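Some structures to go through are shown next.
What follows is a pair of complexes built around chain A, which joins chain B in one and chain C in the other.
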Partner chain A sequence: MRFTVERRLEQPRWLSVAVPVASVVFAFLVAALVLVATGHNPISTYRQLFDAAFISSGSLDQTLISATPLAFTGLAAAAAFRMRVFNIGAEGQLYLGAIFAAAAGLYFGGRGHASPWVIALMVVAGAAGGAAWAAIPGVLRAFFRTSEILTSLMLNYVAGYLLTYLIFYSESYWRQTKGFNATVFPTGKPLPANAVWSAWVLNTQGGITVPLGAGIAVLTAIVLWVLYRRTRFGFEVQVLGDSEGAARYAGVRTRRKILAVMAISGAIAGIGGASQVGDFAHALDGDPNGLQKQGYGYSGIVVAALGRYNPFAVLLIAFLIGGLDNAGNTLQGASFPSGLVGVIQGIILFCALGGEVLVRHRPRLLRRASVGEATPLSGAVQ
Partner chain B sequence: MRNRKLALGAIGLAVAVAAALVLAFGTSPGKAKSTGAYKVAWILVGPHNDGGWSQAHVDGMNYVKAHLGSKVQVTYKENIAVGAQFSQTVASLSAQGYKLIFATSYGYITPQIAAKYPNVLFEQATGTYVAKNVSEYFGSAEDTIYLSGMAAGAAAKCNTIGFVVAYPIPEVIRHTNAFTLGAQATHPGIKVKIVWTNSWYDPAKEKKAAQSLHAAGACLLGQNVDSPATGEYAQSVGIPWVGYDSNSEHFAPKAWLTASVYNWGPYYLRRVKAAMNGTWKPGFYYGSIADGLTALAPYGKGVSAKTKALIAAKEKQLRAHPDLEFTGPLYDQSGKLRVAKGKQMQVLKGGTNSLYGMNWLVKGVIGSPKG
Partner chain C sequence: MNNALLVVLIASGVAYGTPLLFGALGELLAERSGVLNLGVEGMMLVGAVMGFWTVQKVHGNAAIALIVAILVAALAGALMASIHAFLVVTLRASQIVSGLALTIFAGAAGLSSYLGSDLNLAANPAAHTFHPFFPSEMQNWPIVGPIVFGQSALVYLSWLCVIVVAYYLTRTRPGLSVRAVGEAPGAADAMGIDVARYRYLHTIAGGAFAGVAGATFTLSITPQWVDGITEGAGWIAIALVIFAFWRPELCLLGAYFFGALQALQPELQARNISLGPTELWTNAAPYVATVVVLVLVSWRGAARRLGAPAALGVPYVREEA
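Entry: the complex of A and B
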């Protein structure tokens, strides 16, 4: 007997739904073992988890607080990874987006422009900030073949320190300097009312507050889908992702594409940063124990991978992981360590990602005699 | 063919489990258990067992539970980030019927949060934001930190003490100054060298900071951060250590001298009782040695009988006059006179010459108050 994993000749459609569902169910079974071993009732734990994430009144509001930034960083990662450009820098690009958008909000809002204009300018500024930050590893990759994985990752730390510097270590434009409270603890200067993003309240039971950023994320997903599926640019990006050599033969300009894709990816993350400022914080959050502790940029990579780089799937996954993230705050407490919440979230993500192998590959148990027959077949598919 | 059957089986199983889950969750839980106990929660910036700041608050929570028993239901939420995660946590607690929330770090409670939950009473440690349903609480830990500084100065066998500090904000600056003044009282002319970690709780960074201070010539370490990592490092290189927040002697018994510690329990008990019987009012509480909020932890072997007597005499004085150590003449690092002779700094009044607004380090501190 021998166990092998071979590539599927064809990928049945139903598999791409069945595998993730089965993976998550499997994850819940594994996590149940951990829960039982640590003396918790898995049924009531899961019940609490779903309740806190999606069911109880007001839970969706809180889930959207996590899901909105994850949608942006997920789309940012998907946009780049589709071309095998591995932008790990959504975290830093989000910070830069926040810094730029906060500046725009404070400046244009302070001059009394109409709210829609101020918000539009904040979105543009956020996108520009993220794109500019992403352009650094983009240029290094395009012209000097530097690994964008490393450079974009390193720049996350630089961006984090910059963010903290602006609020904690300098009396910058972004920092609140008026009043005694401002001297007690450093905080960002609050946005004027016309720079605060308005939310929609859907009047279902209890009312669901949908942040403007969530709407912009949906729009972004549509634009990204059209761009990648319906334009020449998108086609070239996909070809480049599949085979750089083939793309070059066909006359695709690689450098331009790398720059463009990095900029698009950074811009999306940057709008996520703008949403952090406009939708939620209403000021630049430079506290190392605040936005920077959330790690939305890194989680976005998982979101993109689970969504298989499909923009609409990314939105759905961001929503689900946002729920998981939010529910963690309800689960943990004096009788439920936060580490255990992390273990359960980790098992779910690990199984969901690990299960992806089964969509493209299938495991087979081969008897010794049949090994010879199977090998050439699986080899030929490569 | 066999694979397909297997896969179909898997889907069947998945659907069955999903159906079971939906049935299980179909009824609305959450409000199921209502025992009538008053629900109080604590929100922590680090882990509940950090050996420092957060642990002291959990000890306070347990004190409340021990006194009120089944009349209260208590819990804590640990490692909660300021901003999004805090608001999610408050939403969850409020939905579960928690009526009183102690947010144990500055920056958690914003006017938006306070306004969004008018029926929840909030208390925030170390801040200044008071509203209809928001109270602030803290205390003159600077007094006990001064006393711990006296122990450090007396035990230091060289002229430099290393002090690991979190953020360049008035709270930490005030504590650093108090520690330095205390050390200078028993060891005239001693210098206190600081390294900022840019975090309340980060054992790895705290250890690195301790390492760099020791390398720069410090023969004793102190701290204004939440973990005992500094102490563990001090013990590993055989130098004495002064802790902070909780009695963390067991982490580094050989290095341990003492620490300024908090005893939040009695305050928490008072406030929970007031909230339960409807007499809770917002305010600004600033505890002291006299009312038991702050204290000096038991001494280690490195504190001599003579030092203990000196500290006891000073403690008696501070008990009667909190924050007496911040009485002029006080000079800043450049030697400029900041507080005139005989004048005592106040907690909130006086801008950058108040305890809550202090943004300058006293003479003898090596390092920048700007981080």
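Entry: the complex of A and C
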């Protein structure tokens, strides 16, 4: 007996919802087995997890803080992966967005309340920074046919070291050089008052603070959906993703399209970086154990894959994964097993990847005898 | 003489380069069979934590404890790689996403951290560690002393592995088949080579190498356990495979070059030598160099000459080939 899969002629729609849901359920079951095997009580551990993520007071605020960057990097990955451009450089593009946005905020900012103009300039600068960084692998792919997978990955590290260098090892424009704290530990220069992004407070129980970046992420998802589903550009890029030969034959300018997709993807990640600066850090965070430890760019790929590259699904998944991340951070300590959140996220993703195959293929068991009959040649050789 | 900058750099380049070399050899085996595994960092960390756990548990003879630890680390890495192999070979999932998932599952905020805290490993230094293999008078010989004779047994093991992998790939029948599977799986299948089986075996062997690479950190370079102890070495190992044009002997040179770059910044600082923003370029250099090599490799037709496996990252489906 041998296990194999074969392509489905029609993809059942219900499977594309059932697979992610089943993946999540299955992942929690497997992780529960791990917990039992290592002497933890899964029920109380999971209760702790959900309390910290979504239920206890202030937890939703924190979850939104974790979810906002994931929404941006998830959308960035979705924008590229859907078109079979494998930009795994959202991490570095986010850093460059943060660097550019912080520069804009520091340069244009001033006293007073949050200024829409300064915030808009920061968003534009962040998008430009991310797009410029993404354009490097984009140009290399379009003109030299260099795989964007590995170049964009390598550039993440270059961007990370650049970020650290700006704050820790140089007297750059972004670094706080005055005051007592600056002599103790290197930090970024704080943004002027009107460059700090405002947040909405929803008046439900206790009040939920929604960062401006979360709103921009929703807006970005809508724009992305319209762009890919309702415009000529989106259609051409989709054709290109399915078959480069067909697209070229139909007169699509393939180089430009690859560059455009990379730039869009990078710009979205860059706005995520701007949101990190404007919404949360209010300065450029160059600490290797700060922003860079979060790995938002890599988690974003997971978010996009789980959302099957649909912008709105990406937002939902970013919220859920953000909740898990937040719970993992909040519960760090003796009573809660560290690393559990990563294990659960990993298993969810493995299941979703495996399940993705079920959407496109159906499993089949082959008996050895029938293989022999089907290919008489193999018998003849023996 | 043995304190000359160049000697110190090469000697520490060899020491720091060894985990990169193990990781790269493993990734090379997987990639030569056509499987890109971006989960090296995660596999390394699980190998690191399990190797460390073993030396804390196995009492008695240090040599035996260390050998068992290396084997356990290899097994742990192999186990992690088998998840990736199942997903990408049998289920034909995206190799990129699956590899990243493996790093998230096993990495610094995943299984390795879970095991480290659950087995309570962060409290103590390693019970046994690798020491320089040769007697100390040999280590004092000029130049070759620190570079060749001042290293741990793991370094000599890595040299053996380079020879074995190079011989295997270029001089043996199965090695030829691996290359065929990575270059043209359709043709290999027609020749009667079991493509799926080769890809499984080499991805799993790659994981074993990554596990040993991780144990090199916890048993030799920094003999303790902290979350994320490899600090991105897995990604450098992936870069190194490309930098070395998918050839084991060049992996050795590249690993020591990248290792020496890691040692360069503190050495320059200790000697009060300034070479511009060293914190930036010594760290970023391996990645920039890899991007340059990637561009060279992808230059028209050069890929074949320089060794990139043609079917790297492409799932093989007999009915659709």
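We adopt the following convention: the second predicted complex is superposed on the first by the 347 of 382 C-alpha atoms of A that agree within 3 Å, B and C clash if a C-alpha of one lies under 4 Å from a C-alpha of the other, contacts with A are read in each partner's own complex, and residues count from 1 in each chain.
What we mean here is this: contacts are C-beta pairs under 8 Å (C-beta built on N, C-alpha and C of every residue); 3 or more make two chains touch, one makes a residue touch a chain.
Here the structure is a predicted model, which is why all the values come from computation and not from measurement.
**Q** Chain B versus chain C on the shared chain A, clash or fit?
**A** They clash: once the shared chain is superposed, the two partners overlap in space.
**Q** Under the stated touch criterion, which partner chain does A:D285 make contact with: chain B (first), chain C (second), both, or neither?
**A** After superposition on chain A, A:D285 lies in contact with chain B alone.
**Q** Scan A:Y169 for contacts with chain B and chain C and give back first, second, both or neither.
**A** both
**Q** When the two structures are overlaid on chain A, which partner does A:F144 contact: first (chain B), second (chain C), both, or neither?
**A** second
**Q** Is A:F233 touching anything from chain B or chain C once the two structures are fitted on A? First, second, both or neither.
**A** neither
**Q** Between chain B (first) and chain C (second), which does A:S338 come into contact with in this model arrangement: first, second, both, or neither?
**A** After superposing on A, A:S338 lies in contact with both chain B and chain C.
**Q** Scan A:M154 for contacts with chain B and chain C and give back first, second, both or neither.
**A** A:M154 contacts chain C only, not chain B.
**Q** Jot down the residues of chain A that show up as touching in both complexes, chain B in one and chain C in the other.
**A** 164, 168-169, 337-338
**Q** List the residues on chain C that touch chain A in their complex, please.
**A** 36, 38, 83, 87, 90-94, 96-98, 100-118, 192, 227, 232, 235, 238-239, 242, 277, 279-280, 283-284, 287-288, 290-291, 294-295, 297-300, 313, 319-320
**Q** Going by the contact rule at the top, pick out the chain B residues touching chain A in the complex.
**A** Answer in residue numbers: 3, 7, 10-11, 13-14, 17-18, 21, 24-25, 28-30, 45, 47-48, 61, 74-85, 87-89, 91-92, 95-96, 105-107, 112, 126-129, 167-171, 198-200, 348, 351-352, 356-357, 359, 370-371.
**Q** Touching chain C in the complex: which residues of chain A?
**A** Touch residues, chain A against chain C: 3-7, 34, 38, 86, 88, 140, 144-147, 149-151, 153-155, 157-158, 161-162, 164-165, 168-170, 295, 298-299, 301-302, 305, 328, 337-343, 345-347, 349-350, 353-354, 356-357, 361, 381.
**Q** Applying the document's contact rule, which stretches of chain A touch chain B when the two form their complex?
**A** 14-15, 18, 21-22, 25, 28, 43-44, 46-48, 50-52, 55-59, 61-62, 65-66, 164, 168-169, 180-181, 183-187, 280-282, 285, 287-291, 293-294, 326, 329-330, 332-335, 337-338, 362, 364
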